[in-house]
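Following this message is one structure expressed as structure tokens.
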């Protein structure tokens, strides 16, 4: 039996390696022409034959950091209620709702966004289509919140009952126990949750594709449209096989893979740092 | 004293945060249900064709979601059956046999795979189909099989991790009992360890089904098509619910078509959230079984 | 010497779900005395202590009926009454758990934690009070150079005394000790006994103990908890 398990493990590991390998091989022409690194910093200007990814990289980073700015406070507050601040029944209802939220498909968020949020933002901005980085960041913050909330509240719950009791016996109210005992002990979980949230936001395709407007330009305000790396891949895949745009696909894929692999490594590094500390 | 104010302020902040998040979620789902409620019904799926005729493939459904539902169903079935043996096998290897540097390296690979965005996994699937087209057969294009394969890769890490954690969280006594009675490691695995960690493994499986059903980015790159009809073969195009929702949002012709978008959204939402909740329930059962209770003063 | 009553317990019942732990208990505790509670383990001694500072309310499924009255400033008040502020109760009724449970912070941070909660004390004052509390439990000399260290790095006995110091910063009127000597060696245990006798001047002590020697040396009275009932007998 053991060989079967071993072979499965090897195949699974190969999948992970092959993903990056295939992209490198198919993006090889770019590396050979020395274009890959200059693409990361140059604009998208097809009439001059320049197919830089800079606007998409900024779009991805901008939208996902903005989503984090909205999503982090929402998640921290909700997680605090779930793990200690709220009375038991309310906490249970909140937890169930958040768990159910993880089941809302991204494409459904996007669909509702197109017909509900985009018109709202359009009216708010007073100009443009309403498809902009603000719309997609708002919606993304709702999408990534459950991930962060569940990570946060898992960490909060890891503070032993014994420790909470000690604080309570000294006269601490629930909010005092949370702020002065639970929160300081949960730094690792907070950072991990943030990185996971960022990863989800950067990796999301459908919300960006459906409601960020997809214009290839560096956004200069909350109401400007933007294109993310993920949306770019989805849009360009339909184009001609030999076209220059097509070649940028694999560069996009590599950049995205790089971002997410980095955040995975960061989460692991945090894990080891905190473990060696305690 | 200012600390008092921090404490009060934080309480207000936490309730406000949860309030906003819940309100937004209610508004989003409420809006969807309100708009799409009327389109729900057998007609949404089967259009004007009689359900029995459609199900027995006697007559094609041209004006309903039936092809998309069938496509999603086929996709999920195919990808889960690819991912299941691989994922569970790997999970067992990781918890029972792997150790040291090999274990660390493998788990890094799986973590990176888990973190990879679905569009990147889709791009990988697309690259495979280019590769097959060039070097194996010019007849091969992105198709149901490629999509299922890519989705299997996407959910592989969930299966691995849930299997591995379920096994590793078994209390040490459970591990030793059968061995002490003379069971071989493999007997121990199949008669004791796997049955005992079944809820944990199962919750991973259910979660994977949900992920396969809802993912759009992967299939967009690997062979889904807007009006492909029922899936005929694993080498052909197919329709899928999430992709239908996406196309409707970007290029609906009339209000009737828009209504199918709302209907499809509710349908997909209903399916995935019941799967996800189900998975959480199983997981709670699993943790309740192994948890040590009491404050332990 | 005539003493005043400090705690009156009437018709007190306690249960975890359907399982009754205390059954209609009556008891009185006098000011400035040490009452020892003994009995087989699992009979509910720790649970009994948790009723007195309403810590039982944090345990899912636990419920209490009956009255517990404590004398605050010369006046008896029902601790379960709505008008009883929880923080005041828990500051008046200090508790030290059976196994040491330092908070995940520094040694000084642990002792200063109750002050932080109350939001009282300028920094200087805080340092003084931390030193005083640690000195009372004879820990100051051992930890004065490690005040910034994580409290969980102290030895078991030191942690136990740290938890006592923490419970003492606010000068509680009642002190609940759950098997205070169980994680200590003989010398440290003797230290705790001396401390208990000292504290008797300012506190009403209720001490769960299995050590008959300790009980004999310190307690004014011994109660036995068994089958949901408290049996009393005067000693020494």
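Here are a few things to note about the model shown:
Think of it as A, B and C in the order they're written, each chain with its own count starting at 1.
In this text, a residue touches a chain if its C-beta (ideal position, glycine included) is under 8 Å from a C-beta of that chain, and two chains touch if they have at least 3 such contacts.
In this text, all values refer to a predicted model and were calculated from it rather than measured experimentally.
If touching chains are joined by edges, the resulting network of the protein chains shown connects every chain directly with every other. Pairwise, the chains sharing the most contacting C-beta pairs are A-B. Rounded to whole angstrom, the centroid-to-centroid distance between chain A and chain C, based on C-alpha atoms, equals 49 Å. Annotation: 52 Å between the Cα-based centres of chain B and chain C. Annotation: 18 Å between the Cα-based centres of chain A and chain B.
With touch defined as above, residues shared between interfaces to two or more other chains in chain C number as follows: 97, 99, 116. Multi-chain contact residues of chain A (touching two or more other chains) are listed as 162, 165, 173, 176. Touching two or more other chains at once are residues 295-297 of chain B. Of all the residues in chain C, the ones that touch chain B in their complex are 46, 59, 97-99, 116, 119-120, 178.
Taken together, the chain C residues at the contact with chain A in this complex read 53, 55, 58, 60, 86-91, 94-95, 97, 99, 101-105, 113-114, 116-118, 163, 166-167, 170. Of all residues in chain A, only 1-2, 4-9, 11-13, 15-19, 22-23, 26, 73-78, 80-81, 85-86, 94, 96-97, 99-112, 114-116, 142, 145, 161-162, 165, 173, 175-176, 178-179, 199, 202-206, 209-210, 230, 233-234, 237, 249-250, 253, 256-257, 260-261, 263-264, 267-268 touch chain B in the complex they form. By the touch rule above, chain B contacts chain A in their complex via residues 6-7, 10-11, 13-18, 20-22, 24-25, 27-29, 31-32, 35, 85-90, 92-94, 96-98, 105-106, 108-124, 126-128, 130-131, 153, 156, 160, 186, 189, 210, 213-214, 216-217, 220-221, 242-243, 245-246, 248-250, 261-262, 265, 268-269, 272-277, 280, 295-297.
Put simply, chain B touches chain C in their complex at residues 1, 3-4, 295-297.
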